[in-house]
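Below you'll find the structures, each written out as structure tokens.
One chain, subunit A, appears in both complexes that follow, with subunit B as partner in the first and subunit C in the second.
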Partner chain A sequence: MDPVFLAELAINGALTGLLYSLFAIGLVLIYKASSVPNLAQGGLTMVGAYVVLALARDVGMPLWLAIPLAIAIMFGLGFGIERVALRRLAGRPVVMILMLTLGLDIFLRGTTLAVWGGTSRSMELGISYEPLFLGDILISRIHLVGSVVAVILLAAFLLFFRTRLGVKLRAIADDYMASWSVGISVERGVGLSWGLASVVAVSAGVIWGEIQGVDQALSLLLLKGLTVAVLGGLDSILGAVVAGIILGVVENVGADFLDPLVGGGSRELIVAAVLILTIMIRPHGLFGRHDIERV
Partner chain B sequence: MSMEDQTVAEPILSMNSVEVLYDNVLLAIKGVSIEVPKGKMVALLGSNGAGKSTTLKAISGLLKAERGHISRGEIRFGGTVITEALAQKRVEMGICHVIEGRRVFEHLTPDENLIAAAPLGMSRAALNAEKDRIYNYFPRLAERRNSFAGYLSGGEQQMLAIGRALVTQPDLLMLDEPSLGLAPFLVAEIFDMIKKINREEGLSVLLVEQNALAALEIVSDGYLIENGRVVMHDTAEALKSNSDIQDFYLGGKEGSNFHNVKHYSRRKRWLS
Partner chain C sequence: MFYRLSGVYHTNYISDSRIYKVPADRNLALTFLILGVAAPFIAPSLYVNSYMLPWLIWTSAALGLNLVTGWAGQLHLGYAAVMAVGAYSAIHAARFGVPWEFALIIGGLSASVIGSLFAFAALRAKGLYLALTTLAMQFIMDWVLTHSPAISGGSHASLQAPTLKLLGQEITSDTGLYYVALAWCLLVTIFMLNLKRTGLGRALVAVREKDYAAAILGVYSFYYKIVAFAMSSFIGGVSGALLVATFFFLAAPEQFSVAVSIQALAMVIVGGLGSIIGSYFGVALILLVPGLVNGVVVAASEQLGMQLNVETLAHIPNAVYGALIVIILIIEPLGLGKLYGNIRDYLMVWPFDQLRK
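On to the complex of A and B.
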């Protein structure tokens, strides 16, 4: 195979993968604080995109204003979800919280369908679709922008978890009871993690909305996002980014080899295989924290 | 009776006929009244399931996390009623509870464990001074300050749990079974340190222990809890020489055999 073509597949795969990471970072933030994969992250991402559109199209704000405002609104929404729904579940089995996030996802999807209908709307960020060449390699500009956003978020969260507030959040992830015993407000910490995940959802929603249009299909990003988060280790932000790149490359290059053999559609198969194999072979993922056992 | 027991200090904590229900049905303590005088160390003794831990959780507000609540009675801390206050508020007021089983933040280093417990309002300089103070009390921790707390030994974890509590600047420190699962020399080391902190900083301490022998060596007063009730309250000296306490909790005096003790204890519970 032509090495340039292979490189192009790999690089564009990596960029797409970073966009999966952009989504998966939100999952990781909530997993860290609640030990639950947030099944509503897809719904949140879609709502984030719709809120940006509503502010930009229906209210008529410029995008540079609509996006930060949407971020603020979504932070409030995430924080509110803890207050209204999650608080009374503290101390209950994790599976209850998991089911709650599933219900939340269905609720968010139903609401967006009722309010904005099923027709796909375009984001129109104003990013040029002119091809961008890196040597001989063709790169999509929007994917590049999205990857940069993902890397910025990665850096920001890595720094955040080193701050005193971030250390408190990590303490909450470790032990709720011990956190309460030293005066850490577990409730507010979980609310903060939901707020931050919702902020991530807005950025993922804007980028993915630009790529595939804003409609119900945005919430289906959850499947690839979950695969990336699981491969990365569910509670590792760095893991989500590395796993995103890996999945993107494997998916893009692998599909190019497999598609001619099976007649197309092998992308989904590759993603499913990665998810299943990760759970079978390395359940705590590439960078996941595993329980410390002393002997 | 020693000199310091003769002065009556005002209580920093008073608990008045407190009753605790779990899940609205299970009555865990049935009208417990205890007092901790300011600057003193008091022990809560009793066997497994007697209600000692529940008593501490009622005071620290951690009951809520286990679906328990105070159904009757009143708790006062420094004169303020705290019966309904949130756990977080009580820590701010100066109550810190070192919960049973150490429960350090395993995936954080000892340094980060201390940072996690520090109030966000504490200045960086004050936090560093605080860390130095803790490492000064427990030099073993300083050596391990950058490895995961989950990998520390049991004794080191207990020291860290106490240090983490001290960072919250408590006036009342409550310790639940700090000796659990530790070698006797470590128990002695930790108890010495608690005594030292109490002496040097005037910190009031409420200590829950099954290891009554070690506890009575360092406290001034003790309460004996059985079946959710206080059945005895006296000075440490008096408790140590009390024959019932000797039989049930200090390993028996000479001449009494296990069978007699068991029988007697059962009869006593029926009568109480």
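On to the complex of A and C.
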């Protein structure tokens, strides 16, 4: 196979993968703080994108104002979700929490579509669709911008976890009871992680909305986001970014080899296979902690 | 007063091992059984066949999922895939000329074979990781289904089910189809009621509570996990086949998508893990209430003279369905079965418990 073409596939795969990481960071943040698998992240991403659009189109704000405002609104929403729903189920078996987040996902999706309708809208960030040439390699501009956002978020969160508040969150992630006993407000910490995850959802929603249009398909990123989060280790943000790049490359290059064999559409198959293999071989992922229970 | 008891007291082992330890419960169950049998004669056939029939079949499917999730404690997010295996193999067998009785059994058996594959994931992971693995397996099954025309029935991806024919009788009337669903649901319910009293049922519960404690007691958890997955898949496979044979009449991959798996799990959890009566409630709530609420919203908007657009109306049932899951879990994480149990326990000794306080 042509090496230039392979390189193009790999680079674009890595950029797409970074966008998956953008989504997965939200999952990791919540899992890190409260060991809750947040299957509502797809719904949150969708709501984030629709809120930005509602502010920009229906109210008529410029995007530079609409996005920060949407971030503020979504932070409140995330905080509220934790306060109203998740806190009541703290300490319950994972089955119920899993179901609760799935229910939230369905509710968020249904409500968004009931309010704004299901027709696909475009985000119109004003980034040109002209590809960027790097030698002979074509690179999509929006993917590049999204990857930069993902890397900035990664850096921001790595720094954040070194601040006083971040250290508190790490303590909560480590041990609920111990942090409680030294006077850390566990509830507020977990709420904060939901708020931050919703903020991440806005950025993922804006970038993915620009790429594939703002519609119901945004919530279908969940499987890919979950795969990235598990592959990176559910509680490692750096892991999410590295795993995103790996999954993106594997998916893009693998699909190119597999598609002619199976007649197209092998991407989902590859993602599902990566998820299953990760759990079977290395359930704590690349960078996750080792204390995950095995049978 | 309602149960005419002052509590449940046993004076011999026979009374302790009864299915219904309280006579009033048994009478209630009999009343509902009679109502169920009489339904085609007392209710309009539209209601019986478009609400009660899917309710009964989904209840049997939910009971199957409850066996693996509620009893054996293994999370399963790929149940729709198992139902699809049952449905497709039964229909292909029936189209091939196999009598329907055997086709249903073939569907159930092939579902159990594929369903046992899910069990191998359970041997390796549990809790969240098992849920994610079964979810991924569901995606793979979906993919196989939509990408193999030989299974899903050509370019239109739909497969016509041949007319259901049991014991030499062609079943085409609405009443007949309803009775098939009722019979299957009863069979599964009786099986589940009795499972609680057998060694197998107790072994499954032991595996759920603590697998290595079970191992110390001599319960080989790997074996029982596979048995649980195989049994629940058999029930799911036959239910899937009956769902197509008596309700959809046409099998399509969307009937067994990821969303349906989530719906099945929602039915079980909203109903209550390990609760049989809860499964009936859970299925009724998840399957029927969103439609009812939508009807109410439409009626209310017409009364108030508001114009709701079509898309809003199309998505309200989904929002309600999600909200119901969240609300029930917040009110009572153990589901509707537990809520029913609380009310029953309160009424059981009702005016007399006031004396204790």
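Everything that follows uses one rule, which is that the second predicted complex is superposed on the first by the 291 of 295 C-alpha atoms of A that agree within 3 Å, B and C clash if a C-alpha of one lies under 4 Å from a C-alpha of the other, contacts with A are read in each partner's own complex, and residues count from 1 in each chain.
In this section, a residue touches a chain if its C-beta (ideal position, glycine included) is under 8 Å from a C-beta of that chain, and two chains touch if they have at least 3 such contacts.
Predicted, not measured: the structure shown is a model, and the values here were computed from it.
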Determine, under the contact definition given at the top, whether A:D174 touches first (subunit B), second (subunit C), both, or neither.
first
Look at the residues of subunit A and decide whether subunit B or subunit C touches more of them.
C
Which holds for A:R289: it touches subunit B only (first), subunit C only (second), both, or neither?
first
If you stack the two complexes on chain A, which partner ends up touching A:V182: first (subunit B), second (subunit C), both, or neither?
first
Contacts for A:G91 in the overlay, against subunit B (first) and subunit C (second): which applies, first, second, both or neither?
first
Which of subunit B and subunit C A:I106 touches, first, second, both or neither
second
Intersected contact list for subunit A, partners subunit B and subunit C 292, 294
What part of subunit A is in contact with subunit C in the complex they form?
37, 84-85, 88-89, 92, 94-96, 98-100, 102-111, 113-115, 117-119, 223, 226-227, 230, 262-263, 265, 268-269, 271-273, 275-276, 279-280, 283, 292-295
Can you list the subunit C residues touching subunit A in their complex?
69, 75, 121-129, 131-133, 135-137, 139-140, 143, 147, 211, 221, 262, 265-266, 269-270, 273, 309, 311-312, 314-326, 329-330, 333
Taking the complex as given, what residues does subunit A use to touch subunit B?
90-91, 164-165, 167-168, 170-171, 173-185, 289, 292, 294
Okay, in this complex, where on subunit B does subunit A touch?
60-62, 65-67, 87-88, 90-92, 96-99, 103-108, 112-113, 115-120, 127, 148, 150-151, 153, 164-165, 167-168
